[in-house]
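What follows is a group of structures, each given as structure tokens.
Shared between the two complexes below is subunit A, which pairs with subunit B and subunit C, respectively.
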Partner chain A sequence: MRARIRAQCVKELLQFRRDRLTLGLAFLLPLLSLLILGFAIRLETKHIPIVVQDLDRSHLSYAYSDRLFATDQFHPSRWRGTDPVQGALDQGTAKAAVIIPPDFSRRIKAGKPVTVQVLVDGTDANNARVIRNSIQATTRFFLLDQGLIEDAQPVRAITRLWFNPGRKESLYIVPGVYAVVLWIFPSLLAAIAMVREKEKQTILQVYASGISAGELLLGKGLAYLLVGGSMALVVMGLGSLIFRIGFAGDPTPLLVGTSLYLAAAVLFGLLLGVRSASQNAAVQGVSLIGFLSALLLSGFIYPVSNIPFPLSLVSAIVPARYFVVISRDAYVRGTGWPGVGFDVLVILLASLVLFEAARRSLGAMQLGNGDGP
Partner chain B sequence: MPRSSPAKPGLEPVARGGDTALQDVVLQVEGLHKSYGPLEAVRGIDFRVQAGEIFGLIGADGAGKTTTFHILAGLLNASSGTVRVLGQPPRQACSRVGYLTQTFSLYPDLSVVENLRYVAGLRQVADGDFRERREQLLPLMGLAPFRDRLAGQLSGGMKQKLALCCSLIDRPEVLLLDEPTTGVDPVSRREFWDVLAQLASQQVTIVVATPYLDEAERCHRIALFHQGRIQRLGTPTELKQGLGLSRLELRCPQRQRAEHLLVEAATSQGTTTGTHGGSIVDVQSFGDRLDVLVSDASRGVSEVEALFRRQDLPLEDLQISAPTLENVFVTRLRQEGAQPLPLAFPRSGERPARADPAIAARQLSRRFGSFEAVRQVDLEVRYGEIFGLLGANGAGKTTTIKMLCGLLEPSAGEVSLVGETCQLRSRQLLRRIGYMSQKFTLYDDLSIRQNLEFYAGFYEIPQVLRRQRIDWVLASCGLEGQGAMATGLLPGGWKQRVAFGAAVLHDPEVLFLDEPTSGVDPMARRQFWGMINDFAQAGTAILVTTHYLEEAEQCNRLCFLVAGQSVIEGTPTQVKAAQPGRLFELMVPPGQTQQAADLLKRHFDPWRVGIFADRLHLVVDAPEPELAMMRTALAAAAIEIRSLRSIPYSLEDAFIGTVQRAQATDPSP
Partner chain C sequence: MRPLAAMRGWGRRLRASRFMALLRKEIQQILRDRQLLKLLIIPPTIQLLIYGFALNPDVHFLRLGIVDYAQVSSSRELVSALTENRVFLAVSHPRSEQDLARQVERGELTAGLVIPPDFRRRIAEGRPADVQVFIDGVDANSAGIANGYIQQMLRRFRPTGAGTAARPPPVTAAVSFLYNPGLRSSWFFVPGVMGLVLTLIASLVSAVALVREKDTGTLEQLLMTPASAWEILLAKILPLFVLLQGDVVLALLLGRTVFGLPFRGNLLLFLLLSGLYLFVGIGIGTLLATVCRSQQQVLLTAFFINVPMVQTSGAIAPIDSMPAFFQAVSLLNPLRHYIAIVRGMLLKGVGLEALWPHALALVVMAVALMAFSVSRFRSQLS
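Up next, the complex of A and B:
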């Protein structure tokens, strides 16, 4: 039993080493994905271009617009033309226009209310909300600063950001990227390794040797678990260096979780490899299912709690969802076993279910009755 | 078997052994049925194979051979019937059975030794045993110098030998070989069969399927499969005698007319058997001869001679000979009505006979870097001629054909194609030639008709002819009304015929066929050659490469390429006659065949000695002294010679002799 698993595993590793396609899939593409996803995804909006049309040009109006200029959220410019809506918003060079009326300082000094018009491009609804909130906050700050309103409220909420006080975004994104990369590529490799035997009909030889389905899966799985492990080392090591993130606490749950997660990914690939008839179908299936689930249903970008009802059930069985939690805990929260013990367990369970499913699909290690001669 | 007995399915008496031998029965198959949904692949077969026997399965594609193998190897469950392998159900015996599947079951990206080690691991061979057997097997198969080469970079013959090594690594008691020599050149095939004979002498039981009937001669017993049943079962000799016919080899100048007359004679007698007393049963056309099968040799000879006299036809040569397995195969299947009638190709008009050569090459050479693939080849093919280009893998056949049809620029030399010497790829010229390559050129996901329509459009065939010709292809392939079937579903032999149809839709003047029948069963091959002959008779020049040498008998003229050089050229008869020395068939007591072969290989070049089931073949250059030497050697080992007779060379013997002699004088390639 052990000898057969070892023979299978050694053979897989040899084949893996010889094939440039699989080598690329194992190391080059995961790194590329890490860089692309790690740098490209930015959830926080910064440097939004806005224009300020100051029709007052008084001391007070300058003080107000300077406040807007002082945040790094906006990238403002003073509007000198006639119609900022037509000139900037319509053409898309600015996402918002702030129009300060000519009687701005006069009315403030007279103690009368004054209206500043803010026109926001609502195409990107999320962004528009951010801009609106931000301008309101800036306005309030301006009023306090100028002593125009009193800062005396009965209840004040004092917030402090834990775990990521500097709101460093890579701390949120990069551990999530690990979940995507370490799911897709190991499963892709395993699926190709499995379906290639069927395509080239070498599987007949394997069937004829009397090896059991479990032994075959363990042999192939072990090989690709080792490949996945080295992939994880490379991706996580370089990721930490490039994005300057480090462990926040006990890394052992991550270690255990990653091994189990890789096992689940490999077994998922093997299962799809067993079920599909051609390499094309397997690759398409694995990458489509893998990308959709790991990117969208895992809480990597959008919070899991936002996923609506029937889809949320699907999300509950996506292993990536649990690994995102484990990975973020290791790099950001640092709570260790008490925080993520459950998630590690779920991934273990997923691996076992996937193994059993693949074993049953391989069945008696015979040709099905449907396959022609 | 008397001729009158009907072709009945099922068993004929087991040739070897009585009750005592039953204890040695290794494979036992009774009433085996297998269906895939509504399709019945195997419809009740029975056979037994004894220890140390080589048992051959012969039959068309789709006759149920591969299904039978899958069941014997435990890969498929039978629908009904019992199968016992070494007394156990196949699934339980699989660790004692080696199975070589039809496709190369090797990992091309693993080296020779790595492939072996993997199989050894799968089959749980201990490390020590593995090393020991590796050192035994690799030299035995001539693979020792290539142990670190990737399997994907081995030649076809070496791949199959490695696959055999892999299946031998755990010392199986039973070997199942599904067309192990398809696509392997003749020299490697001989060596492969020598190894099989040696294994059989060590009591390994071998079941082998092969599309080559000359290989079937090397089996102890063979079973003819047809549509899921065994039509005939027995030793090759029994089958040939069981046909109850004699074969007349006939050579004459006006072959076409003679064939026509003889076929007429055969069919008229077929309807009025007995009353006429005619003995001509069947006529089969070969490259430079006709095989006439007659029920009685001497009466047949006089009938044929009388017919020729009546029609005032010159008769060059008429010889009485034993029927070949191919005659058996074709006759048996004709009785089953498996052969569609040859149909006339719808042509747009008669072509005038032309005397100038259709294809001519002078001093044709091609280098790839420092490697000379083709060296100074001269050849000339006339209109209406079938010319065979023969050679082992890598001898330069495909390179030559590519240069002749302008796909590849020669390094030196001249080519003329239908009178054109330059611009071989011009549109006008392309429309006059047809090319069918080694690989299937049809689109699997299109229907058969769509494929043909694609090629018809490609060659701009007028609408009127287009329909007729596509119908002709479908009809002559036996596929009427099935044009809508997806091409990918066709078995190999059928697909090849459709591919041929696609290549000739535009009625080319010159036709290039590059290994058109690789992996095609004997029956399909005959039908294929029927179509080729039809085109040759209409004046098309045909150049065909093949390494089926029995098939090369169909060529009017042929040449052998060895390491890129043409070593011999002529009609099949001339080539055989040009072979120096003589071929002897030798029988020794059963059980000593292998020992005798080993002994003789020490005294003669190994290629001169071959085992054909219970007989030995020996090629000698100077019969007198060499036979005396052979007698002394065998006498010294106390091996009795039961019979010794001179037999004619086959084309394969001629080929192997030529190749080996060429390599002995020029060891550089």
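Up next, the complex of A and C:
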């Protein structure tokens, strides 16, 4: 039995090496995805373009707009002319407009309250809130600076951000990218390999050779697990170098978790390969189900707790969700086994279920073929 | 003169009928293809729903642990002030700071609050009381928002009996949100996903339709007929274009009914600009078809073009926050321009006066892609 598994594995690796397309799939494209996802996804906005329309042009109003200009969150420009500022928001050249009224300094000096109108583009709801908060905070700093209010805050917070004090977003994104990349590509490769045998009818020869469904899966699975392992080494190694992230604690949960995760990905691909009629269907299946689940239902971009009810059930069985936790723990949190033991276990369970499902489908197919003409 | 003019007219009619014949063949082929219809309806619907529901950046229900060493009414007021807005949910009350720290460390809590024993005394004496806040910074974005929220709450917080009630400040910033006053995040994501879904489906369907002829060898037969490359391509593209417009309407209807998106622009202009974008998508597909040899290659290549296209389009993460290099790259991304158009027309209700740069970019890209793929297509003949 072991010999048959090994033979199947060696054959698969030889075939893999001969095909340039799959080689590209295994190394070039994962790296490209790492770079694009790792660099292009930034959730926190900086340098938000805003316009300031100063209708007062007094010493005080300049002091106020200077305050806005001094934050690194905004990229402000003065709005000259008399056209309504909303034009800038309509065109999308600014995300917010601050309108300082003509009686700004007069009213302040007279001790009367004055309102600065702020128009915020609410299209991007998340950043709209951020913009509102920082403009309000800036207004407060201006008042403190000018001695118009005193700092009589009865309760102050001394905040400490744990694990990521500098709030480096790459620390959040890059370990998540590993989960996406190491799910999609190994499963795609495995699915293509499986379905290719079916399309070229070589699967009949395999059946005739007396190899069992389990052995066939183990042989092919082992081959792509090895491929996935080297992919993981390349992606994680270069990822750590490029984005300058290192292990925060015990790396063994990541080691075990990654192996199991790759096994689950390969088995998922093999299962889809067994179940789909053509390569197209397999590729579409992996890219639709695998990509959407790993990208959207894994907590890679936004917390999983935000996924609403029926979808949250689907997200609970997505292995990527658990690997994201393991990967972030290894690179950022560093609690090791006590923190992520459960997640490793879930991925182990997922690979066992996937193996059994693939074995049954393959077994049923073999029998079906035997009955046929 | 007469016979020549007659011949010209005859030739024109021939060409028209040849094109019509090709077109008829394509329409029949499509109508027979159940797979294609499924492809046009099911994946776009699933993608739109999953993206629309799963992408939710709202920071709420963060798990907060509280160690209250003071145990007085003012400290309880502080806790209820922090949790009233659903941003934080008080889930645990550990006995000591160490316990709290351990829970934050393991990720069981997202934030921790420690209220010191001298909380009441300091407030009574009019001295500021310092509370400690721990926030799990792994999710840098949420941590920043949570921190901002705590600071803002504390600036407003006045415990009863703390003396002076806060006077209204001399300057207030009155913020109004345009276009999306309820700040619904799906209004941001769904237009982005509409663009994304159309890109995927338009490029895939047209590429597969062309490559299939290559796979089955019928492309050579078509090319041997006197029909020109333009005629063959146009006959293929036109029926697909009509079907894909159906997808535009499908996406629009889903957005309205499921996510309650407004539509504030001109519908005709929207369909026109969407049609323009469909040509870009079809152009990408045709290009893929001329480069790739098999359907499998087309599907894989399409998949890999789509990943960077989606990521640099601003569909998920706003373009302003990308590094400068990616911002520059995104200008070449047709999806970015189309998403700007969709958001502009649906949410802002603007027309060409604001969107013309994006429309112009799409025209240029559509023409360039179509011209390039036709010339590649032609060079395959020889």
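The rule we apply is simple: the second predicted complex is superposed on the first by the 362 of 373 C-alpha atoms of A that agree within 3 Å, B and C clash if a C-alpha of one lies under 4 Å from a C-alpha of the other, contacts with A are read in each partner's own complex, and residues count from 1 in each chain.
In this text, a residue touches a chain if its C-beta (ideal position, glycine included) is under 8 Å from a C-beta of that chain, and two chains touch if they have at least 3 such contacts.
Every value quoted in this text rests on a predicted model; they were computed, and no experiment measured them.
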Would you check which partner chain A:321 touches, where first means subunit B only, second means subunit C only, and both and neither mean what they say? neither
In the superposed arrangement, does A:359 touch subunit B (first), subunit C (second), both or neither? neither
Output check: A:204 vs subunit B and subunit C. Expected answer is one of first, second, both, neither. What do you get? first
Is the number of subunit A residues in contact higher for subunit B or for subunit C? C
Counting only touches as set out at the top, which of subunit B and subunit C does A:169 meet: first, second, both, neither? second
First, second, both or neither for A:220, with subunit B first and subunit C second: neither
Check the residue A:67 against both partner chains and state whether it touches subunit B (first), subunit C (second), both, or neither. neither
Show me the subunit A residues, by the header's touch rule, that subunit B contacts in one structure and subunit C contacts in the other. none
Interface residues, subunit B side, partner subunit A - complex: 36-37, 39, 41, 62, 64, 66-67, 70, 73-77, 91, 94-95, 97-99, 101-103, 105-107, 109-110, 114, 117-124, 150, 166
Quick one: in the complex, what on subunit C touches subunit A? 43, 46-47, 50-51, 53-58, 60-61, 78, 104-107, 123, 128-145, 147-152, 154-155, 157-159, 162, 164, 166, 168-181, 183-185, 187-188, 208, 295-297, 299-300, 303-304, 307-308, 311-312, 316-318, 320-323, 325-326, 340, 343-344, 347-348, 350, 354
Partner subunit B, residues of subunit A touching it in the complex: 3-4, 6-8, 10-11, 14-15, 18-19, 200-202, 204-211, 366-367, 369-373
Of all residues in subunit A, those that touch subunit C in their complex: 21, 25, 29, 32-33, 36-37, 39-49, 64, 86-87, 89-92, 95, 98, 108, 111-130, 132-137, 139-140, 142-143, 148-149, 152-165, 167-169, 171-172, 188, 192, 279-280, 283-284, 287-288, 291-292, 296-297, 301-303, 305-308, 311, 315, 325, 328-329, 332-333, 335, 338-339
